[in-house]
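In what follows, structures are represented as structure tokens.
Both complexes below contain subunit A, partnered by subunit B and then by subunit C.
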Partner chain A sequence: MEKVLTEIAEVTADPYGYVAGLKERKEKKVIGCFPMHIPDEIIHAADLIPVVIWRGNEPVTWGHAHVPPYDCGITRSFVDDAVRGKLGFMDGMVFHVRQCLQAGEFPFIMERHVKPSYQKVLYLPALYPGDVMRDFTITELEGFKTSLEEFTGKKISDDNLNKSIEIYNKNRSLLERVYEIRREKPEILKAREVMQIVWSSMFMLKEDHNKLLTELIKGMEAKTVEPEKDKIRVIPVGCLCQTLQFDILDLIEDLGMIIPDDDLYIGSRYFANQVNLDGSPLGALADRYLTRTPVCPTKGVWQVHWGDEAIKKMRDNDARGIISIIVKYCPPHACYYPDFKSKMEQEGINAIMIEMEHEIITLEAIKTRLQSFVEIIGGV
Partner chain B sequence: MAIAIGVDVGSLCTKTVILDGGNNVLAYDIMRSGHYYKGAAEESIDNVLKTAGLRKEDIGYILGTGYGRGAVSSADGQVTEITCHARGATRLFPGVHTVIDIGGQDSKVIGIGDNARVTNFVMNDKCAAGTGRFLEVMALALSVDIGEMGDLFFASDKKVEVSSMCTVFAESEVISLFAQGHKKADIAAGIADSIARRIVGMVGQVGLKEEVIMSGGVAKNAGVAHAIGERIGAKLLIADEPQIVGALGAAIIASERI
Partner chain C sequence: MDVKYKVNRLQTTNEIRPLVDKHWADLRTAKERGEKVAWASGPTFIFAYAMGMKCHFMAGYSAYCGGIGAGEEVLKVAEMTGDLPETCSYHRLHMGMGEAVARGIDINPQAILPMPDLMVAGRLCPEMSHYAEGLNRRFGIRILPIDLPSVYDLKDQPRLREFVYRQFKEVVIPTVEDVCGKPFDYDRMSEILTVLKEVATLRNQCWEFFKTKPACWTLWDYGVSIAPVFYLMGNPAGVAYYKRLLKELQERKEKGIPAIAPDGEKYRLYWDGWLPWAFLGKFMRKFTPNGAVCLCGRYPWEFFPHPELIDPEHPVETWADLYYGEGRLTYNFSPHGTVDLISELIEDYSIDGLVMFSSKTCRIMNLSQPEVIDVLDKKYGIPGVIVEGDMIDPAMISDAQIETRLEALYEMIDSRRR
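The block that comes next holds the complex of A and B.
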């Protein structure tokens, strides 16, 4: 178990180096997919390496010439990495531009300044009632598949696609098993380790990641841990598109809280919902995207309330509070949050919102706020 | 012993309160924190002990709070200033439901339930605009003593607008207002109002529920307190010594832990 965790920690410490090395070893092209909804099974089936684009680890420099400072961390960081040539190993890029206002900027910037060999723009729909959006989504995915076939010069058969979906489904099941064990014994992994496990799945080949997870799960199942009953169970929610600063997760734990489950993008949201393999693979991929839960503000889902989902997760895990983590300048999350907050207030839930930014992280202030949250829950 | 001490190590000042077994204030101390928080905390504890005529062996529990709460080396525990201000405020004014605390480099608004416990709060987390440090810089720009600034507010007959929230930009704005021929008193009133505007936004987030207490060093500035009261439309309760509200709350929690 420790060996796997060390390997995952190393991989996530330098995703740039890892993916560049992977490309060299496998002699395959790399396609970056902007989070959160690109069905990268199709890229995998095209015999390419799909990676979910990540927020970099350096302050934004040249990127400021291309995107305003009021764009979110991953937008500015990704553009910065791209225009500085740090993403030279990425042969292609895919963007779902209806997802948020900022995502719409990428294709133009990349086309003009980075010129990847392959670029695809997807328009996945908001989830309005009715069937029309399913047809629309399938048409979009067909176009995506065709563009990849033109790029590689090879057809993507339904068989290939089904095999890729199977590998991805396996990865989702394994990640779900990791979470299941964590729910039973939350002390087994640090929150940062859990995030590293999910994050590494986003840029490792799923076949490789599945092997690591299988070994990890064996270790987790065998390991006994001492329950820390005095810890306050909390559920972190949100942090769409990007990694949460590990320091914040450490802080949550240092202050006497423990995370038995989460509702984070680089967390349970990433592997939620399998792809049904009974019908056409593209239809099945469309159906997964069109699933309303976990509620995502970028899909415009109002029929199910995100707050209700979070509260259910909190109660299912005997947790006593919800920590919303909002990436500064994330319009979809910021638009949804007032409703989420009202729901917490209506239901009398202990809830707090922490805002995180790419460059600036005022840990002392966050510490005071989180410690006060613990004191409120603990009745000090 | 049932002697309890609360030490509030703030970015500008360290405040200490000592309580006897009946929760009566025996003594308090306020001193500059300086750059060595550990030393300031211990010196402040020594000061209250001396004033109260007690020795270290008499202490039952010491609780640290404030920005430097982790630096109180003799503390038996630590609690945030948010919780401590709520507890101190309700001890001073039992009907209080909202605390506006403006300290050296942070400002917060705290909502309190009927049980004297914190229900919600907001605090500035990135910028020190509208805090004690902001006022110090503004006093320098106006060439007045910080203590005189509050009185200057009431000498104003035509408040000017200071639009900048940023301390550095506000300083430049004050200099250009001087250049435009505005009076010191009118600029001081504008500065007080700029702080009040910022606080109104924070009060709106927590939800105004009377009674309202203002605590922290900035509460000593009558001009700022008046401007905030006017903006939020509520009377502000201010303790005789508003700087020690957090330390008092810390001492009360300390006494409960003995």
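The block that comes next holds the complex of A and C.
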């Protein structure tokens, strides 16, 4: 188990180096997909390496000349990485420009400054009523598949697609199993380790990641841990598109809280929902995208309340509070948050919000907020 | 000696306020008359209008609210009731207004609208969806959502047109029929389009007077004249308004009266982004004393610049085509479309410089603005600057920053002239 965790810590410490090395080892092209909703199974089926684009950990420099300071962290960091030439290993890039306005920043900037040999823009729809939404999603995915076929010069058969979907589904089940064990014995992993485990799945080849997870799960199942009864269970929610600073996760734990489960994008949201393998693979991928839960504020869903989902998760885990993490300048989340907060108030739930910025100058302010939160919910 | 520039105000534009006030007053009292009310965002209100609903429009309401000076107090209510300052100010205005009504908080009564029977939520920008969802969650308003992607690449346009057209036919029309309890009124939609075509044609003739040197009027004058091609759509009063405006501009040209005294502009500028509704006067005071005049812009050109494409005989198809066909109205929101449109405007209106207004809370027109400046500078040798701010929220506006950037622009234009 420790060996696997060390390996995962290493790859997540330098995803750039890891992916560049992977590309060399496998002699395959790398396609970066901007998070959160691109079905990268199709890229995998095209015998390419799909990776979910990440937020780097360096302050933005050259990127300032291309994107305003009031764009979210991953937008600025990704553009910065790109224009500084740090993403030269990406042969292609895919953007779903309808997720939020900021996701629309990229294609033009990349065309002008990075010129990946393959670039695709997807317009995945909001989850609105009418058959037209599913039909259009399938049209988009067909176009995506065709563009990849043109890029590689090879057809993607349904068989290939089904195989890739199976590998991805397996990865989802394994991640779910990791979470299941963590729910039973939350002391088994540090929150940063859990985030690293999910994050590494986003840029490792899924087959490789599945092997790691299988080994990890064996270790986790065998390991006994001393329950830390005095720890206060909390559920972090949100943090769309990007990794939360690991220091914030450590801070939560250092303050006497423990995370038995989460509702984070680089967390349980990433692997939620399997792709159904019964019918046409593109239809099945469309159906996964069109699933309303977990509620994603970028998808135009109003029939289910995100707050209800978070409260359920909290209660299922005997947790005592919810910590919303909003990425600074993430409008989809920021627009939703007031209603999320009202729901917490109506239901008498202990909840707090912290804002995550790309460049954290000091953790003091966050620490103070979390400290009072933990005092309120009955900690030290 | 320094020239003292000052605006020559148009007479006709004084006539717009009563028209606009009447629109909002009719909307406020619609329920008392038993009329159905809709709210709309994106290019969707025509469907509610066709059914005889009184209808608000998200950006139109925000402009109105800013224009009557109610923006700040409504934004305060939004903040007090939990909205976050980084969400778009149009979103916050609606939440603030809704909360003020729901909680009985005192705000300017002119800024209060009746809660709608239906919200026609066109998701041209994803935040239009967030606002509709929020209003549904908080006040239970029925939503008719329509996904309206802006076109990144023209080759994507046909399939997006089909997607949007199907939504009009399969979702929008059946829903408004259901809400109003009657069949969709295609004839009324055609009538609205007939009036729109006439108004937009007259408006285009007025645009010719931006081309003259010196220019006869300013983009700000056109900004306050937008309602007839926008939410006063279908109202014949718009035809009368633009006829008078055209006459006044013709007279100005004949008499040699420029938009700014004494003898017209020194800098002819393009304005990108929304108009800063609550701060039109503020910006005017930063342009005029320097002899600078904004003459064209992306947002004001969103209102049917090609009336010849409007075909009232095929109302629903024409509506789809205006936005996703030859009309290309949503393409202009993407950087490629922006470059194409601004290129045309630079050539048609002999532009000297670009002012790219970047709203801190609405990024729809901000996309790739620095790139667009660079492309156009390389193509035409015309400088551009980004001016940060907001359409409504005074907390987002910095005088010093605006002045510094505009001064830099004037200097760049001067140095290139030398």
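Convention: the second predicted complex is superposed on the first by the 377 of 380 C-alpha atoms of A that agree within 3 Å, B and C clash if a C-alpha of one lies under 4 Å from a C-alpha of the other, contacts with A are read in each partner's own complex, and residues count from 1 in each chain.
Assume contacts are C-beta pairs under 8 Å (C-beta built on N, C-alpha and C of every residue); 3 or more make two chains touch, one makes a residue touch a chain.
Values in this document were obtained by computation on a predicted structure and should not be read as measured data.
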Which partner does A:Ile377 reach: the first (subunit B), the second (subunit C), both, or neither?
neither
Between subunit B (first) and subunit C (second), which does A:Ile74 come into contact with in this model arrangement: first, second, both, or neither?
neither
Partner chain(s) touched by A:Leu285 [first = subunit B, second = subunit C, both, neither]
neither
Just subunit B (first), just subunit C (second), both, or neither: which does A:Trp302 touch?
second
With both complexes overlaid on chain A, does A:Pro125 touch subunit B (first), subunit C (second), both or neither?
second
Just subunit B (first), just subunit C (second), both, or neither: which does A:Ala365 touch?
first
Does subunit A have more residues touched by subunit B or by subunit C?
C
Report for A:Ile266: first if it touches subunit B alone, second if subunit C alone, otherwise both or neither.
neither
Would you please give the residues of subunit A that touch subunit B in one complex and also touch subunit C in the other complex?
none
Of all residues in subunit B, those that touch subunit A in their complex
67, 79-83, 106, 117-119, 121, 123-126, 253
Touching subunit B in the complex: which residues of subunit A?
355, 360, 362, 364-366, 368-369, 371-372, 375-376, 379-380
For subunit C, which residues count as touching subunit A in their complex?
81-84, 86-88, 91, 95, 123, 125-127, 129-134, 136-138, 143, 145-147, 149-150, 152-153, 156, 159-160, 163, 166-167, 170-171, 334-336, 358, 360-364, 366-368, 370-371, 375, 386, 388
Touching residues on subunit A, where the partner in the complex is subunit C:
65-68, 70-71, 97-102, 104-105, 107-109, 112, 121, 123, 125-126, 128-133, 135-136, 139, 143, 297-298, 300-302, 305, 326, 328-329, 331-332, 334-339, 341-342
